[in-house]
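Here the chain labels run A, B and C in written order, and each chain numbers its own residues starting at 1.
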Amino acid sequence: MKFLKKDNFHRDAFIGIFVWFFLIIFYHIFPHPGIHDIIQKVFILGLFAMSLNILIGYLGLIAFGHAAFFAAGAYTLGLFLQSNIVTNLGGFSIPMAMILAIMISSALATFIGIICIRLKDIYFSFLTLAFQMLIYSIILALVDITGGDQGLMGGFPKPPFLGIDLGKPFDFYAFTIFISIITIVMLRQLIESPFGYGLRMIRDNSERPASLGFNNQKHKLIAFIIAGSIAGLAGSLQALLDVGAYPEWAFWAKSAEPLFMILLGGMHSFLGPLMGALIFEVLNDFVTANTRYYGLVLGLVILCFVLGLRKGLLDWILIKYYRK
Amino acid sequence: MDIFALFDCIISPACLISQAAGGLKIGMLLFLVASGLTLVFGVLGVINFAHGALYMLGAYFSWQVMSVTGHFGLSVILGSLGVGIFGLLFERTLISRIYNAELLVQILLCYSVVLILDDLVMIIWGDEFLSSVGVPKVFQVPPLFIFDAIIPPFHLAIIGMSFIVGIILWFIMTKTRFGRLVRAAAVNPKMLEALGVNINLIRAGVFMLGSFLAGLGGALAASLSSVVSGMGNSILIESFIVTVIGGMGSISGAFLASLIIGMARSFGAVAMPLFTDGLMFLIMVLVLILRPQGLMGNKKQ
Amino acid sequence: MLKIDKVSKSFGGIIATDNVSMELQPNSINALIGPNGAGKTTLFNLITGKIDIDEGQIFIENNNITNLKETDITHLGIARAFQITNIFPTLSVQDSIKVALLAKQYGLNNMWNRFKAHSINNEAESIAKLSGLTKSYNTISSALSHGDQKLLDIALALALKPKVLLLDEPTAGMGPEERWKMIDRIQKLWKKTKMTVLFIEHDMDIVFDIAQNIYVLQQGAIIAEGTPKEIKSNKKVIKAYLGGGKK
């Protein structure tokens, strides 16, 4: 077990594969579709929240408009799979759609990032939000392409690829978790690399790096693009899950969700946002099953965390039991 | 984008006047709400994301008073005062804890209150939207015709009322002792405290004033449209746009920006009905890029 | 090594730096003294590129660095420690030094290795040793004592392997005993690295004890320069600054 103590990529990849196998077996042992649903949702939203935490937790940049990339990924995948290209690409459609989703979110993040990164603090936050709402408005306005406020209509095919049929629940479950885990393992490598420590450096002190010969802006932009790309990936998975894309995913309230997850799970631990997604989804399921006043409960929970615990659950657990 | 429709409207006095009046109405109402937001930010350094919820409370409170008394003026006054008092409680219990907290904490706290209030009003007043309080009897008169444009006198009254409130606000902030204390508190609260001024009182007062303004906006809105949970969300976004464009902390900036947004919405609805909101966000984006401190803001905010 | 040639800077109508010229020899240790508000930190800011120069030029090893960007100037061999400690609160001493080392070597773009296991660990240890931080090597920066934080500030500058090291009041906020410890350490690392050091200091005993050259700044202008012996007997300086005698 000494191998597990080593903090390197191989160990992380091993744990990732192990978790994946575990969840696969879990699927067959506990055939409750409700639980499987929650698990895959937790991974998709967790991915979304972890991507935002690159900016909030590790870089110290409060981005309000992160859902813009989530929506971009979703709509890109949806539109691509609705188009005629699908008949030509056949089995490669879904992988191609996902790659395209990542690329488009990436490009969008580059564009928005270059403009926003120049601003500081609250102006940065507001500008990202303004861009997101602008994109929301554009989605609504281009009714012919996006379906307007109804969302992408008519669904889209999910042609099987590499023996995986995303129409089957198990295949979708296994695929989503696999992609998510791979991304999480790669994200961990990024965060624990010198690049990741560059992020922490900027977060701790934005003035000093210049006197060490370091260019903040370039670093921030790269982090912003990576965060946006992962959010786009999460969006494409969500679109595959719902076989559609909705303008609500570009609305500002959607950007609040990963924020809640980061609060609930913790912004200072790597898996904090993932835990936050778990708490959020479980809370959602539990509360909506028992009362229609979900907002009231969620609001109270958040209030407790903000005023009481003042840190996310995973952060709190780690501090209490592991760190000195 | 229907440029021709816009052009046609501008050259037609009836359309021009009625759209302009509509823009004024939207703008002035927005100014009421946004001035409260920008005031709270300028003096207390808090970005009150619950400001829209206060607006909603104003609508609900005034609707309640109206259904009990049937008196419009009373409903507006009591409704706004009610929100002012709520704001006071809100400030003393919650807001005062986050004065120097980071942005994230402020947002999360305020937004949680929005979630709670959105559901609370449904629990108290029911899920269905409440029909508008309606135009008060006094104003149920034939519309005015200005160059063939149909202008409901009530709308003019609202414009006038908001304008007067704006003047009163300006007067309070610039000519009274309270106003001077408030502006001093915005710049150097510690110094003020050292001089023996009760800074908590000032903070509570400012937040109360800001809440009152939001409530007033909501109370007036109750007469124009139906009252429903979540109605504060769109006005919140618009208030932010106004605050950013006008300059955070600047009331005159909020006035100017509200007019711009009001007109943009009114004429934008003619030229690009599907993208009216988008136009507002585009303006916000451009202002943040070209002049982040806003039209009337100071450079180092 | 470092040549400052008739440099001036004003803010609004106020002259902060007034026609300052200095020439620091390689491997020398120099002090910059003067009353508060004389413009010492401003001069540092001009040298390191934090603010732009209005008139004059600055050279390092005959490279003209006038109005270059701060990041470029750093890569040309000038490093600086700050008056108010300017460190990375959540990073440990070890991580802070490593980050500074990697920043200089353009190594923070690396996404493929692991920071914790990075080969730069050895270099970081020796910098920590040089700065006297071996004991607190794994302590989180925010938990360090004031003195150690100042040492870390200097360590970060040392990580750049500078040719010229600017120290802005390295003993600020310290009691007498701690002050001498710090100065002792500065002297040790100066001797070891053979850098050119320029430090701002208010404690005259320290200044006269270790500085080879002293520059006296008043209201943005150099009113005297020379060896400790010369400065001690300089009438202008005594009048302007040493006046009642600084303890």
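Throughout what follows, a residue touches a chain if its C-beta (ideal position, glycine included) is under 8 Å from a C-beta of that chain, and two chains touch if they have at least 3 such contacts.
Just so it is clear, the structure is predicted and the values come from calculations on it, not from any experiment.
Viewed as a contact network, the protein chains form an open path, each link joining two chains that touch. The most distant chain from chain C is B, comparing centres defined as mean Cα coordinates. For the pair chain A and chain C, the distance between C-alpha centroids works out to 44 Å. Chain C has its Cα centroid 52 Å from the Cα centroid of chain B. For this pair, chain A with chain B, the centres built from the Cα atoms lie 34 Å apart.
Within chain C, no positions touching two or more other chains are listed. Every residue of chain A that touches chain C in the complex is listed here, in rising order: 7-9, 189-190, 192-198, 200-201, 203-205, 207-215, 219. Interface residues of chain A, counted against chain B in their complex, comprise 56, 62, 115, 119, 121-123, 125-127, 130-131, 133-134, 137-138, 140-141, 143, 148, 252, 256, 259-260, 263, 293-296, 298-300, 302-303, 305-307. Interface residues of chain C facing chain A in the complex, by the touch rule stated above, are 48, 50, 70-72, 74-75, 79-80, 86-91, 95, 98-100, 102-104, 107-118, 156-157, 159-160.
Partner chain A is touched in their complex by these residues of chain B: 47, 94, 97, 103-105, 107-109, 111-116, 118-120, 122-123, 237, 240-241, 244, 248, 272, 274-275, 277-278, 281-282, 284-285, 288-289, 292.
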